[in-house]
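Below, each structure is written out as structure tokens.
Each of the next two complexes has chain A plus one more chain, namely chain B in the first and chain C in the second.
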Partner chain A sequence: MTKATLQALLSHWWRNPLQLFTLLAGLALATALWSGVQAVNAEARASYDAAAATLGEGQYDRLVRRDGQPIAQDTYVTLRRAGWLVSPVVQGRLNGVRIVGVEPLTAPSGIGPVAPQEGTDVVSFLTGDGQLFGTAETASRLPDYAFVITPEAAPGTAVTDIGVAQRLLGKPEQIDTLIVLPSQPMGRAALADVAPDLMRQSAQGGSDIARLTDSFHLNLTAFGLLSFAVGIFIVNGAIGLAFEQRRPVVRTLRALGVPLRRLIVLMGAELMLFALVAGVVGVALGYVIAALLLPDVAATLRGLYGADVSGNLQLRPVWWLSGLGIALGGTAIAACGALYQLAQMPLLAAAQPRALAMAAGRRARVQGQVALALLAIAGVLMFTANGLISGFVLHATLLIGAALALPLVLDRVLAGLSSLAKTMTAQWFWADTRQQLPGLSLALMALLLAMAANVGVSTMVSSFRLTFTDFLDQRLASELYVQVEDAAQSDALVAFAGPRTNAILPIQSTEVTIAGQTTEVFGTRDHATYRDNWVLLQAAASAWDSTFTNDTILINEQLSRRAGLDVGDLVQVQGQDFSIAGVYGDYGNPIGQAVIGEDVFAILFPDVIPQRFGLRMDPAAVPDFVKELEQATGIPAAQSVDQARIKAISLAIFERTFTVTTALNVLTLAVAGFAILMSLLTLATMRVPQLAPAWAMGMTRRQLGKLELLRAMMLAVLTAIVALPLGLALAWALLAVVNVAAFGWRLPMYLFPLDYVRLGLFALLAAALAALWPARRLARTPPADLLKVFSNER
Partner chain B sequence: MLLHVKDIHKTYHTADGPFDVLRGIDLTLDAGETLALTGESGSGKSTLLHLIGGLDTPDAGQIVLQDRDIATLDDTARAALRRGTVGVVFQQFNLIPSLRISDNIAFQARLAGRHDPAWIATLTDRMGLSAHLSKYPEQLSGGQQQRVAIARTLAPKPRLVLADEPTGNLDEATASTVMDLMLELVSEAGAGLLMVTHSQALAGRMSRRLHLKAGRVA
Partner chain C sequence: MNVRMLLLLCWMPVAMQAQGFAGLGTQAEGFSVPQPGPVFDFPTDHGPHNDYRIEWWYLTANLKAADGTEYGLQWTLFRSALAPEAGAGWTAPQLWMGHAAVTTPNDHYVSERFARGGIGQADVIAEPFAAWIDDWALQGDWATMQMRASGPEFAYDMALTAEGPLVFHGADGFSVKSAAGQASYYYSQPFFAIEGTLQLPDGDIAVTGNAWLDREWSSQPLADNQTGWDWFSLSFDDGAKLMGFRLQQTDGANFTSATWINPQGETTPYSDGALEAFPMAFNDADVPVRWQVTLPDKGVDVTVAAINDNAWMTTSVPYWEGPVTVSGSHSGVGYLEMTGYD
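== the complex of A and B ==
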């Protein structure tokens, strides 16, 4: 019995390959976008873990200088002699590769170039030119150095002996941090006595980079979920229509003696089989998507967070299993309703395909109530959401609520338009469109989600771009920036530039902790550059004056929000109290930042010397100045960067940051277009009985085809009109809630009407393309097929 | 006795209130016997057929088929009854559109676990369907589709054949041919036949006739 029943069920797909293709393609596309994003996330996280393992981040306590400057080698020697079991580490970048120098003899096991094993020449590692350990990809970026290829090494990182690293990085006798081994001898001298300028940082578990990039990955995951949701709408539609078409067959099977339970089990198993097949295809497609996206994501993470992520994708179980899981789970969710209806279906009900519009009444009421409830929750969250989770809940309730409300809104609009119709054709068109609506509603919901996400994300990105460009103009006000390597170069620069520039602005900073937040504090010279260009979001009276006279401090928005600090609050820097005089916008910076006067900075951090200078001068004089500077002081031209170049680099990083978002946006919209195409094609086969009477009463097949095309485009336009306010609400939520929670700053929201018009036209085009094929098929329907409607032979 | 229906009652609950479709029906049928159920639309003929076929359950009364009261069976047992003991020929044919004619004919026999290729070949040949075995239902005429439906019903050799206006959608000549075949084959199989029909001519070809009026035997 099972075999015969299964054959009857499966034969439906064999005879309706398009429907099977819709189901498999929808599910595969949804899985592809989800698993592609997960693959990127998994790769990035694996890279962070590898990097953390290299340096034992989060596993061991560390000693660092209070002022953030390098530790002298003598201090290390003194600590070892005092009984401290510490191991030195130096880090830096060479040709874009992160060089990590460790001392293998004192480092805890697991740190550094993994345990010396095959291929490791310990003598070479410790002496002479030394050996570097890293992946083949890293080695290719430093072709002049001896490498031992270690595939498990962190991407973009080369580990070597500390002496070799100091030489390669030009940091002689310098140590960045000291790793504190877990077991220390009893009775050793106190740190304050041996090295009072050092402080001990506790291991925090997990890597800093992983924590820093969490919000970025959460955003990617949210996008993946959105794409999956759009895909699930397709699957839901395909399953619903397939079940609708198979109702008569199901009744026949039951009438012939197939028990209902077995039928449900077999249909469920059939769908799970399809989900598995589509899941495998989706995971494979996801791999391709991830491979295409990963280089941009890696560049973004390096640009934004300094995190090295491998550009090579690996087939990690965590993402392909989650891809298959979500394909099976998504299908199960989509199929639940259809299987439930099947279980409830009376055996003797009319064995005709039920008109989709008919039983919609009660369902529509429930759908409307759920939509209203979700939109009400979204309304409350708009005023109360203040974290990432509540931000995403706000997005979810807004999107799902609006999607559920869409068919009801469209139905009301169509009813209104119908009452305005003057001719019979127009009346029939509107009535027929309303009847079609339930069958198309899932595809239209998918289009709504995709368009709203597009409007929301593009508004956010464009607002960000506009703000960021303004911000760069404000913050990169100096015409030239020069990096110096030591005090001698610094003196030479000041002496040379003094008479040739309008102002010399030293850029000096160190890392401190303010109100529990890691903060980079800058000592800033009193100059109009700052007063004229920096925009303060909140400010006390004469904020710049009091800061330059060393009485107050300015902090960035991130620090203000994370530590809950406002103008007038007191904070401590190196034991000295400062009143906050202002909060400034600092877009793109992941950590806290503060500005104090140059003089008080010099008192608090006497060992910190400026390593960069901003020079105010005539922009036209910059090229000659750089040449003359090199000739006069020996400071290489490579250490000078003009303003335009820094801006170009910053904007390039910015643009690359959102390449991934744009790509996902386009893919989501394409999936929605596909949903419309598949819904129309599937519906086309069920439309003949509705269209045959119109044809019999005098409308030509060509006319009917044109009306089908017009209908799809009109529905797309109406959906676009609903999508616009929804997208703007999403953008507001992204800027005012998610961004603040994820990055610590709030961006002003700008509107871009031309972009929205372009998107609307794109949606219209997608709908027209999707409707073209079904309309063409309809226009060519053989009269014999239409005539069958009127005979008993159907 | 193959079938004994005792004092069957059935009420439908409609928007206008309860509607008593069957109000105490009694009938009997022996193996090899044919019985026509006639009556006006709404008299309860099809409902009675559905109850006997295990497609629905009565509100009161007994339906004893081969010494078993099917009114007391659960859903699974009634499904087994439809598979193995009873065969139903529907007015709308109810073929499976995605299966070829050969598979449609063999379908119920395979469900019942009584697939007999030689008997199916005989049925196919007698029904004049041999040339259409690789076609799909939509490629056949109404008469041909009804012949397929009858062949499908007879393929597992059911003890009782129920037919709900099996020729209602066919022209007179085709209907006559199809009926001849059905009566012949039912007789050869030794099964009982209970047929709902509006046609007096068809009813006249049955061994007995039972006329229903407003839910009772007239």
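== the complex of A and C ==
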């Protein structure tokens, strides 16, 4: 009996291959988008982990020189001989590859070339020409060197012996950092007595790439989830339609004695099988998407954060399993309602030809109430959400509430428009559109979500870019930056630049602990550069004046939020009290930062000398100045950084970010367009009876086709109008709630009307493309088919 | 396994595991090999012999506190060469390893250090004599010496005074290690009086006692079929001393060697078979911590028992090394080292 039942059930799909295709394709596309984004994230994370493992980042304290210069190798030996168990590291770049030199005998275990294998030759690693450990891709970038291929190595990174690295990088007897081993001997001398020019950085203090890039990945994940939601709406539509259409079959089967339970189990199994097939296809597609996106994402991350991410994709079990899981889970969610209805259906409920539409109508009231309730929750959360979870709940309620409300809103709008209609044709058009709405509503919801996601993500990314470029302007206000190596160079620079520039701004900093938070404190010279360019989020009266006269301190937003410090609070720096005069935005920085006056900095930290100088001058004079500086003082041009160059680099990076965002936007819109196409095709055959009278009364098939196209575009425009505020609300939630909870700083939100218009046009295009084929089919329906409607009239 | 472990496997005669050691015996190419009839040249020979693969400065001491509690300490510096030359900078082919330990009746504190030669982090200079790795150091003129070492849970600072001459093992310092003729150069200063302070987690302890410093270098000290050894340095109450070792072979047989040192420092060498050593009791890890040691020629039939059964050196390549008491035909104290048991 099971076989016969299954045959009867499956026969539906053979007779409606388009529906089967919709179901499978929708699910596969949704899975593809989700798993593609996840693959990109997983790949990037794996890269960070490998990079962090290379040097045990976040695990070990480090010693660095206060002035940021390299540590002399003799200092390392002096420290070891004083009982300090430290291990030297030298780093640099060669042909774009990050070269990391470690000392394998003293390095903590788990650092550097973790697993020597075939081809590892201790003698040549330590004493010969050297061996480099890296991935095949890294090795191909340094063809002249002896590599041991290590697939698990961090991308773009070659690990080698410190002696070899010093030679390759031209840094003889130089060390960049010293890793402090966790276990230290008894009776060791104090650091200040052994190496007073070094300072200890806590494991958490340095730049932790993962925390910076988390922001980017959170956004990608949100995007992936939204894309999946879009897909699930398609699947839900396809399943709902299929179940409605199979009501007669179900009725007949039950009348023939098939138990309800078996029927439900079989239909559930059938769907899970489809989900599995679609999931596999989706994961494969996702792999393709990820492989296409990854190089751009990798370039973005490298540019934004200096994080090396492999441009090559690896198949990770976690990733493809989660892709399959989400396909099965999504199908289950989408099918639950339909199976429930099936279970509730009276045995002999009549098979209704337009059951879907009727059911939708009956459900409208409930749907409206649920939508209102969800939107109300979202409304409350807008004002109260303050954590990651409430941020995501806000997101979810907004999305689902808005999606559920969409058909009702459209219905009201169409009703309003219909009452304005003057001609008979117009009245029929509006009425026909309203009548079609239930069948299209799922596809329109998908379009709404896709557009809202695009508006939200575009707003967020663009706000991010604007904030960052503003921030770069603020931080890179000087026209030229010059790095000096020692006090002599510093004096030479000041003497040379004094008469040739408008201002010389020394940049000096050291690491301290303020209110329990690791903080980099800067000693800053009184100059309009800071007053004019730095944006204070909160400030007391004359905040800069009092800071420059050494009475107060300015702190960054991260420190303010983490330590709960506000303007007017007192903090201690090196034992001295400062009142907080202002809080400034400091985007992307993982640790606290503070600014005090130059004079008080010199008193508190007499050992710290400025290692960089900002020079204010006529931008046009910069190139000549750099040349003359090299000739006059011997400070190489490589130590001078032209602000225009930095900005050009930053902007190039953001362009790449946009490539990624645009690609994802196009993909989600394509999915939504596909949903519209499938809905229209499904409706097309059912609608012939409604169109035949219009044709019989004198409208040409061509006119009907045009109206069909117009209708799809009009609905798309209406959906776009609803999507805009929804997308903005989503962006706001991401920037103001989720970002703050996750990273401790709030991104200001900017609006980009032109982008939204362009997005609207894209949506319109997607809808038009989707409607084109059904419209053409309609325009070419043989008159005989239309005539048959009347002969078959029931 | 990291590079460090790999280094160790092609490294160490002390504490060498069978598989690790197998490479050592066959890799003497390019290195000098000990020859019979050595003529030592001091102080030069106190310094490193870079043309030999392996070498060590190995000091053990039996100590006693004012309250009668017995302690042991170890200070060891190993040199291992990747190539037979001194070299300079990071490419110098000399690698150094330090082991230090303090043994109490209940605890055993161990620390281990590694260093590359050529940069000054570890080295040995013959004149004026100084041997060091990191903050650990052994220096002086061999009549009086200072010695210090530290670990996470211990530190010590000791003064040594030689109360007798250097002694040479085997044939005038040419010590044969196997029937196949593998050998090393081997001399000792077993007559150091030692005093100083142990820093332990419970506080500082002033101690006195006697110390035994071994010097040995070679390029292929053991045969392929030798898997480890049991080494004894015993100081009897009557002033005589006995150095003996038993090399374990894969066929279950042993190769033994011994040096009898009278209170004046005059030696009598014994070749294979004269000294016998039998395990009598084992600790929880199946390491023999109680031995019967006999040297019938000198009427020696003693029981050697560990002061602390758990003197296990938890170093990269682990082994057992700790102070012992001696009873039976002679009484006294000493040190026991056992490898090849893990």
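The rule is short, and it goes like this: the second predicted complex is superposed on the first by the 608 of 794 C-alpha atoms of A that agree within 3 Å, B and C clash if a C-alpha of one lies under 4 Å from a C-alpha of the other, contacts with A are read in each partner's own complex, and residues count from 1 in each chain.
By definition in this document, a contact is a pair of C-beta atoms (placed from the backbone, for glycine too) under 8 Å apart; a residue touches a chain by one contact, two chains touch by 3 or more.
Given the structure is predicted, the values throughout are model-derived calculations rather than measurements.
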Going by the contact rule set out at the top, does A:P259 touch chain B (first), chain C (second), both, or neither? first
Report for A:L420: first if it touches chain B alone, second if chain C alone, otherwise both or neither. neither
Thinking of the overlay built on chain A, is A:A541 touched by chain B (first), by chain C (second), by both, or by neither? neither
Applying the touch criterion given at the start, work out whether A:P104 contacts chain B, chain C, both or neither, answering first, second, both or neither. second
After superposition on the shared chain, which partner residues are touched by A:A784: those of chain B (first), chain C (second), both, or neither? neither
Applying the document's definition of touch, where does A:T5 land relative to chain B and chain C: first, second, both, or neither? first
Just chain B (first), just chain C (second), both, or neither: which does A:L754 touch? neither
So, does A:V77 touch the first partner chain B, the second partner chain C, both, or neither? second
In the superposed model, which partner reaches more residues of chain A, chain B or chain C? C
Common interface positions of chain A, toward chain B and toward chain C: none
Interface with chain A, chain C side, in the complex: residues 1-4, 6-7, 10, 82-83, 87, 89-93, 95, 111, 114-116, 119-121, 132, 134-135, 150-155, 199
Mind pulling up the chain A residues that touch chain C in the complex? 73-74, 76-77, 80-83, 85, 103-106, 109-110, 112-116, 120, 122-123, 125-128, 161-164, 166, 183-188
Which of the residues in chain A come into contact with chain B in the complex? 1, 3-5, 7-8, 11-12, 14-16, 248-249, 251-261, 347-348, 351, 792-793
Can you name the residues of chain B that touch chain A in the complex? 50, 53, 55-56, 75-76, 79-84, 88, 90, 92, 94-99, 103, 107-108, 110-113, 136, 141-142, 145, 169
